[in-house]
Amino acid sequence: MRTTVAEDKDYRGKVHQLSRDIMTDWMTELKDATKSPTPSAYMMISGNCVEILRCFDILPVFPEVNALQLAIRKQSLPYIIKSEEIGYASDNCAYVKADVGYTMCGGVGENGNIPVPDFIVCNFVGCNVYIKWFEHCASMFDVPMIMLDIPFVREDGPSTDDVKYVMTQLKELIAHCEKLTGKKFDIDRLREVLGYSARAERGWSRCKELCKRKPTPFDAYFDSINMMGPINALRGSKVAADFFDQVVEQYEGMVSDGMGVLEDERFRIVFEGPPPYPYYRNFRNLFEAWGAVAVQSTYSTVGGTWEFGFTHDPERPLESIAEQMIIHNLCNRSMIERYAQIQSYVDEYDADALVIHSIKSCRLFSAGQGDMREYFTKDRGVPTLMVESDLEDPRYYAEAQMKNRIDAFFEALTYKRIRGKATA
Amino acid sequence: MPYIAGIDLGAGATKTVVIDGDHRVLGHGFCRTQADFDKVAQTSLDAACKEAGLERNQVDYIASTGLGRYSLTERDIQITDLTCGARGAHKLFPDAGFVLDMGAQSTRAISLRDGGKVKTFRTNEKCAAGSGGFLERISRYLEISVDQIGSLSLEATDPQPISSVCAVLAESEIINHVSEGKSVADILCGAHQSLAERALSQLRMAGLAGPVVFIGGVALQEGMVKACRDRFGFEVLVPKHPSHVVAYGAAILGLQRYHKREASTAIA
Amino acid sequence: MKYAAGIDVGSTQSKAVLIDLARAVVARTLIDTGANVKRAGQRALDNLLKESGIPREQVGFVIGTGYGRYKIEAGDDQVTEISCHARGAQMLFPATRTVIDMGGQDTKAIKVGPDGDVVDFSMNDKCAAGTGRFLAGAADVLGLTLDEIGEISLTGTKPIRLTSVCTVFVESDILSHLAQKQKVEDILAGVHQAIASRTISLVRRVGREEEVTFTGGVARNIGMVRALEEKLDVSVNVSPDSQFTGAIGAALYAMDRVLAGDAEAAAVSDEDTVWVDE
Amino acid sequence: MSTEAILERCRALLEMMPGEALTEARKTHPDIGGLAVFPLYAPFEVIHAAGLMPVGMFGAGEQVEISHADSRFQSFICSIAKSTLELFLRGDMKSFEGAVFSSICDVARNLSSLVKRNTPDLYIEYLHLPQNMDSAGSLGYTRAEFARFRDNLSARVGRPITDEAIAESTKIYNRVRSLMRDLYDHRMRHSGAIAASDVCTVIRAGTRMMPEDFIPLLEALLDQVKSTPSHPRDGVPVVIEGSFCEQPPLALIDVIEAAGCLIKDDDMVIGWRLFRQDIPSNGPAMDPLGALAEAYLKHSVYTSVRYDRAKPRTEGLMDRMKDSGADAVVFAPAKFCEPALLDYVLFRKKLDEKGVPHLKIEFEEKMWTFEASRTELETFAESMLFD
């Protein structure tokens, strides 16, 4: 059962190019801001409230995006080692280490690519490491850190007190922004921004919807990255909203022409966990080789689970922001809810299997994925493969091991099909 | 004239140095460490005495160090190998402020204070292929003897780096390099370079800012020394008997304690 | 086209097996892999043909397996050793439903279907702790050979505790035990039990079903066999051919292709394509 | 009771499985139920007021072989998470009403989900303790979170949990905490009066008995320790930092002191010793839940899992050193403990600025040989003692 890939396949399509363009513009803005007095603030991706920064024209900076880019360009290791030299352990999140190392090496500030933020908005949504990460940034830059403590959503949903608590903190954030920028908070401006957010969110969930088609027009794991930048970092801008209009057009076109991202779609899989950015294409090839394509992924919902219907509501500005942060993103959900989310993907997107990519860096994702494997193989009868590496640290990717496990998994699935045919 | 022995019971080998009251080295002892630490220590001590032309009972004071320092029943005092290595290295190179000790089991980076006292130190992380034992294992796999490693590595033309931090996975990388038909020299050189990289970051954690004394068995491998010299950006000093420096330091500290003891007994 | 061959190229040894249309093993060979994996595959096949006296053109299909499988030029196709061990073990012991394969860097637990197909499998995670390599490390530091330690471990009465099954630290761990005058047999008993319980948790992941078959190089280690049996509380199949299990499985997959050469084969193979490293 | 007798009793309790500790307590408190408390903190007063014994869940140390849990948790997950899950999977916790976890790290949170899924009969609570101490909404939220806990708990045990009962329990825990403070203060001022590992033994055992029984035990111990003359030991006075969740093996504590360090203060079992002052428990219009919430926000000692803009942890460590007269810090995090390992970077920066010597040694549950740590600790002590 020889595994195959199209030689040097170019995965980039129109959407990749569009995404690249608008993300590059944003990066340019960041670089310019290092030399201009433009106010900027750090914020994390998951369940963020970038809309509030936008309505004060504060430039949002996402350290995760920085770490991600270092990894995918295979530049992360020296920075990781740099921060290990000041005391970070080999077991710490490599996203933090790469970002801190990059900062220490002058990547942030005057001669770097990222401005020193005027303040830090610690949107603590699920990931406890966020708090430490941003504390370290705050101490490196000696700038104020605003804590947005988002109560973890339990199976029985958030209480009214949870929502009240978040609303109060959002108002305190707004007050801080007013003080910093000298601008008065303009609720109508926020409504406008949220309008753009909602438009982008509808586009994004429409795209996800299209992955139910066979063949799927794009890979909901590997290609989703092109849309995650715009939906999470640029959300609330007209640019992002327009981008999604074009993306929807593109993919609907493919669907109506019966075109899929793979010439030969043999296995539809649901992906759990972040990808190994330092070996992004190498890893994708291992699946492509078997005609395996992701029809859904949990990672693409770290910023928001919009495909389940929620969008920001200009009529309920702060309320909907609070709900987005507490309820409608993957990071603030329990493992039990994540299991349910994955199961609904398997059912609604007619997936053949679940693939768990377990990464050492992010325990929010990985801690307990063995139980997830147990649940889906034993309780749900969903063929499940679990492989391990890291999303940022290239030292944890062993290709021979990885390939061996993936090949064996799809050999087994292939064999099942053949027998299915034989007995049919 | 007092005679002092420093015995370093390491994971790989047991080293002994016998000095006299003027810190003159009279004899060395060396033998592979085996299950019975006490016996190994005796053998190594006897060898050193023989070289020194001394009878065992002429040795006035014994300082033990290394992993097995507590197992030596005959010791007068035990001191850790970090303290001893620092002191020994300082005695040999008084101007160097940093010590890199690479042994079979562990790699230590030490920064020194005046008088060769330990200021800070970093030992190698768990699950890291960062010690001499790793080199021994791959040399065994490559079917060459340990003492060939150093010189062979110098002949490399296209070094093959090792990325994995786990010794076992690093070995599979080596196996992979071999199957790719890479030359033994290139593989060894790559291993040396990777080890040097790790040692460098350990030294940086200890605040590297000047010349480094490179001690321990691995310092005997020219290829390793070269890899360090290429990377550290500071002078790398290698003593004549790198694997005996810890035992030497033990002997020096032992002499200090000996004098203290004599003084106190004299009063009494 | 009366025969099919399977070649298992491991990091230290390479094995090849020839089977006939009745799926009976007609020849087997074992050589050291040596430095050149590419050649190892070819050498194994040549040996096999020489010993069996069967001309190459009589061999309809050759499948390679093992870590070196992509470097075998002699092979027509490759299959992972996971699939091959399952298939091979099921031929050696038809009632097998669980296969434990312990190799140098991987330990695998495989759930096997009635006709030797992989239903589910589980391998040691990224950390290579608790694999066969760990035993080698233990043997090294005790100055014993791999063949000796198994027997000795059986005579242990008070198995020692190990901090971890991390191969990097087995030496210092064992040395400290020796320093505390622990008996060698008790240390080895502890070592075998530690790896056994680690292995059992892999078996648990796929769900244990009888019969259990133990394959791979370590299967020759009686100490490990007993340790597994004790923890599984059932007797474990070990074939004298256990080191050929992978090659046998590969040969069986090859024979499928010889016999079928039809839609089935088409469904599995893409002859026109090749694996490309990035 | 003699010191040795007290320690014997405590050691016995520590060797028991949590369920056995509960059975032991039932000998004197027949109708008591049990609720396991995963580190760091939960409002013990509420649990106690529900007629339950809060039992500290600090993993299973040496006693349990991990055979189920490591197929659920990967190799890079801390041992306390694995052994805790193992106990639930093995059915060791059957005799408990359930367990409460709190927002200390990502692993603890996922662990609570796994326990909930694998033991459906138990009541598994997850508390989101606040990370914002000074928002106008902090107090209201925290009180509401505690109230939610009270209501779920009372639904589980099928009886109301009254303010009066909570206030009563607060009085009892105030007493327990003040006695533990006394013990720590005494050790601080009289090095050698009691070995650090003995203090740990008693404090840990305290999480496995009813507070009513812990009080007389602590009182007896304090009398003993204070009345027995002890001559001061020589060594480097240190503070232990980083052991706030998973607890270091007692043998390691002994190695630390044997190597020449004197432990002056530490953050072990810190959640049970969280308050430096008593929590108000009487007065008109008393709101005991509000008092607990207020105490958590305003008066709890710093820990690595509680962000407090006004009081950085680095300052907290400096105060702890000053108050205890320590010269150095031994940073002892559990292997793979993300919060501790990340905090180490900030602590280290601060300590280097202040020129305070520090050493990091990681530990894990199944550790039995401490040779590597011993060597580092001895070197650390040697480098300070002999100058």
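First chain written, first letter: the chains are A, B, C and D, and each begins at residue 1.
To be clear about the criterion, a contact is a pair of C-beta atoms (placed from the backbone, for glycine too) under 8 Å apart; a residue touches a chain by one contact, two chains touch by 3 or more.
Small disclaimer: the values here were computed from a predicted structure and weren't measured.
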{"item": "Joint neighbours of subunit C and subunit B, given as chain labels", "value": "A, D"}
{"item": "Most distant chain from subunit C, judged by the mean position of its C-alpha atoms", "value": "D"}
{"item": "Chain pair, most C-beta pairs within the contact cut-off", "value": "A-D"}
{"item": "Subunit A and subunit D: spacing of chain centres that average the CA atoms, whole Å", "value": "35"}
{"item": "Distance from subunit B to subunit A - Cα centre to Cα centre, in angstrom", "value": "48"}
{"item": "Computed distance of Cα centres, subunit C from subunit A, in Å", "value": "39"}
{"item": "Interface hub residues of subunit B, defined as touching at least two other chains", "value": "67, 126-128, 169, 172"}
{"item": "Residues of subunit C whose C-beta touches two or more other chains", "value": "67, 105, 125-127, 129, 172, 176, 205"}
{"item": "Set of subunit A residues in contact with two or more other chains", "value": "86-87, 89, 358, 360, 370, 374, 388, 396, 398, 400-401"}
{"item": "Residues on subunit C engaged by subunit B in the complex (per definition of touch)", "value": "11, 35-38, 67-68, 71, 104-105, 127-129, 131, 133, 142-143, 166-169, 171-172, 175-176, 178-179, 184"}
{"item": "Touching residues (chain side subunit A, partner subunit B) in the complex", "value": "81, 84-87, 89-90, 394-396, 398, 400-401"}
{"item": "Residue ranges of subunit A touching subunit D (in the complex, touch as defined)", "value": "86-89, 91-93, 96, 124, 126-129, 131-133, 135-136, 139, 145, 147-149, 151-152, 154, 159, 161-162, 164-165, 167-169, 172, 334-336, 339, 358, 360, 362-364, 366-371, 374-375, 388"}
{"item": "Parts of subunit C lying in touch with subunit A, wherever the complex brings them together", "value": "67, 77-83, 105-106, 115, 117-121, 123, 125-126, 205-207, 263-264, 267-271, 273-276, 278"}
{"item": "Residue ranges of subunit C in contact with subunit D within the complex", "value": "122, 125-127, 129, 161-164, 172-173, 176-177, 197-198, 200-202, 204-205"}
